[in-house]
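Below: the structure, in structure tokens.
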Amino acid sequence: MWTFIHKLGSPKWCYTLCGRLQPGFWAAAALLLCVGSVWALGYSPRDYQMGDSYRIIYVHVPSAILAQSIFIAMAVASAVLLVWKIKVADMAARVMAPFGAAMTFLALFSGSLWGVPTWGTWWTWDARLTSMLIQLFLYLGVIALRGAFGSADQGAKAVAVLTLVGVVNIPIIKYSVVWWNTLHQPATFTLTQPPAMVASMWMPLLVMVLGFYCFFIALTLYRLRNEILRRESRTRWVQELAD
Amino acid sequence: MNVALDARQLACERDDRWLFESLDLHVGDGDILRIEGANGSGKTTLLKMLTAQLSPQAGTLTWHGRPLARARDAFFRALLYIGHAPGVAAALTAEENLSWSAAMAGIKASPAEIERSLAAVGLAGFENLPAQQLSAGQQRRIALARLELMKRPLWILDEPFTAIDRDGVAWLERRIATHCEEGGAVILTTHHTFQANDRVTSVVLGVAD
Amino acid sequence: MAFDSFSALLAMGGYAKYVWPAWGLAALLLLGFVCWARHERRQLFEQLRRRRRREARAA
Amino acid sequence: MPRSTTGMKFTDEERSLAPVAGTTIGLSAVWRAQVKRELALARRRGGDLLNPLLFLALVVVLFPLGISPQPDLLAEIAPGLLWVAALLAMLLSLDALFRTDFADGSLEQLLLSPQPLPLLCLAKVFVHWLLTGMPLALCAPLMGVLLSLPGTGYLTLAASLALGTASLSLIGAIGAALTVGLPRGGVLLSLLVLPLYIPVLIFGAGAVQAAIQGGGTAPALALLGALLALAVAAAPFAIAGALRISVNG
């Protein structure tokens, strides 16, 4: 375990490892997303209450799950950076942030689109949507803070502290928003819990979620390789790679 | 022995650039270590390492044989640091500044002791004026009064000769010399050349590539 | 198959203007990130090569 | 330096470099010294103390002018409005929390002292709350009169603000510590800190609303207290870590 962590700390070793893992994840992502999309759009049965509009959840749920997972992954990377001072961890955290923000935005966008046929309005202060919106601001804060620092090393540590503070706060924010929501509008029906889905409905959802995960991992590996090259561009092994 | 700060094969990387590598240092009782180098050569970063603020990417730093990061508490109790910014709050009086400094160092300082240390740096009678009403040189002298007020074996001074006049420079030079005679040690960055050069060892940080 | 024809699939039971934009944005974002990452990589290698040439000339 | 002082004679005992027993002070004395310094600084700056209160008053005046002076409408939005205004007033006062200390090198001295840094940070934040949050909590009921806040809400408003602003000071100080080294940290600070303020706002405004509607205020106040307990326990360490990063890189 220890040697593994220390090996991960070596950018060159990490670069090679990412390169080796990458194709598998790309293939899995492509396969799962294609199968999932066809299944979800074409073959899963129509919801008797919401009709075909429910097919939005095949985008909404995976992106919402990823939006949360990515922040947690960033927090883990931040902790690794602060505790073991492993630079690759920060590079990973940096690379994940824009995709996390994009997924949060997608979850908001699809949720709001779903709101029109369901609630008849583009935006409702539903507990889930509200905390997702706040999470988007957390992502943007992390990205903005990184951009504000001239020194990459200093920015990395500052962002790590902010990410950890954010991840501690996310459950508190969620809880408070739910509390606030019940205070102001007695729960109607929530976005991602349609009454007991049948297997032919949730199977494609599972496939889509796995596909999104694989895509995220593949993209992160790919961009992590870029980031390693960029940050290590002065070293000999990177320069030899360029030839 | 009061001071034993050792560095072995110290290296520093900032923002993916090596500032210095394989640096060996020893600072013991009576030593004056002068750190020289062009702008951007890593002087400030080296001082931050020597004050246990940054950990080196390679090499070891020890205080009395123990790794500096583990001996922080004992090290800070032996250290007196005056940085590039002197650490004097402009809105506070000289006396308030010094009594806060003493408290942060964990020392009880009576008003009489503070007055005496201010007198030693030529600020007798200025005790109760806010520092912002004093000149830049006088504000630096408030910081230098800490050298009189606190008995700390290791002094680390970042450009201590800036902004003070010729008398002040002579005083500080003598004060550093007596500190070393008493068994203390001084690490400093400066462009100033000492008159008594025999005690001073110099480290020149080159432009590393 | 939940739909009788391709046009029925496109119509999404009357919900086309909600379902397709959501899926469209998802596809756009995923493809966009892939293109961005590839562009980033190509530019990086370009830069590395340029630096290599410059240093070779200097040496 | 004057010649007369340079010849000053010190006895051997005074010149001894080893720490002398009996002259070291305890943590409570360190805390007192830090609080005393912050209070003295605040006293010298004087006018800055009134600014958050004036800000609160002005924001409160804007709303009836912007919406309508109807008492029942104002009464309905008063709890949230007063809380938001107080929250923004806290936010505005935060940017200055570490800035002068950073510029004059005092912060560097703090980091290099043998005293526990989280404790010193807590002392700084405590004074910030005492001089910003506490006055806001005391003045907000006065502003409540302008917004025709129903009579049952006043005590809860003051209590929830007193509790809540302490959390706001602690959380905000983390953001202030992260941005202290940045030339234009002010706007960024709001972006970082505001999302983290939301739970405090929800529970604080919720407590006042519950008081007005005749519900129990205990749950919301208890939750505010829990948030504060968590913030007191964790934030000083985050602030200390953030300061080390900002000062040392």
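Which chain is which? They are A, B, C and D, in the order written, and residues in each are numbered from 1.
One rule holds in what follows: a residue touches a chain if its C-beta (ideal position, glycine included) is under 8 Å from a C-beta of that chain, and two chains touch if they have at least 3 such contacts.
Note that the structure is predicted; figures quoted are calculated from it, not measured.
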Pair of chains joined by more contacts [C-beta pairs], A-C or A-B: A-C
Centroid comparison with chain A (C-alpha atoms), farthest chain: B
Geometric centre distance via CA averages, chain D-chain C, whole Å: 46
Whole-Å gap separating chain B and chain C, where each centre is the average of the chain's CA atoms: 56
Chain centre separation in whole Å, for chain B relative to chain A (CA means): 47
Centroid distance [mean C-alpha coordinates] between chain C and chain A, Å: 17
Contacts with two or more other chains, residues of chain B listed in rising order: 14
Touching two or more other chains - residue numbers and ranges from chain A: 151, 153, 233
Of all residues in chain D, the ones touching two or more other chains: 249
Chain D contact footprint on chain A (complex, rising order): 82, 134, 137-138, 140-141, 144-145, 148-149, 151, 153-154, 157-158, 161-162, 164-166, 168-169, 172-173, 175-177, 179-180, 183
Residues of chain A that touch chain B when the two form their complex: 85, 151-153, 231-234
Complex contacts: residues of chain D adjacent to chain A: 174, 178-179, 181-182, 185, 188, 191-192, 194-196, 198-199, 202-203, 206, 209, 223, 227, 230, 234, 238, 241-242, 245-246, 249
Contact footprint of chain A on chain B as seen in their complex: 14-17, 55
Touching residues (chain side chain B, partner chain D) in the complex: 2, 14, 48, 51, 53-54, 73, 76-77, 79, 81, 83-92, 96, 99-101, 103-108, 119-122, 124, 130, 141, 151-153, 167-168, 170-171, 174, 182-184
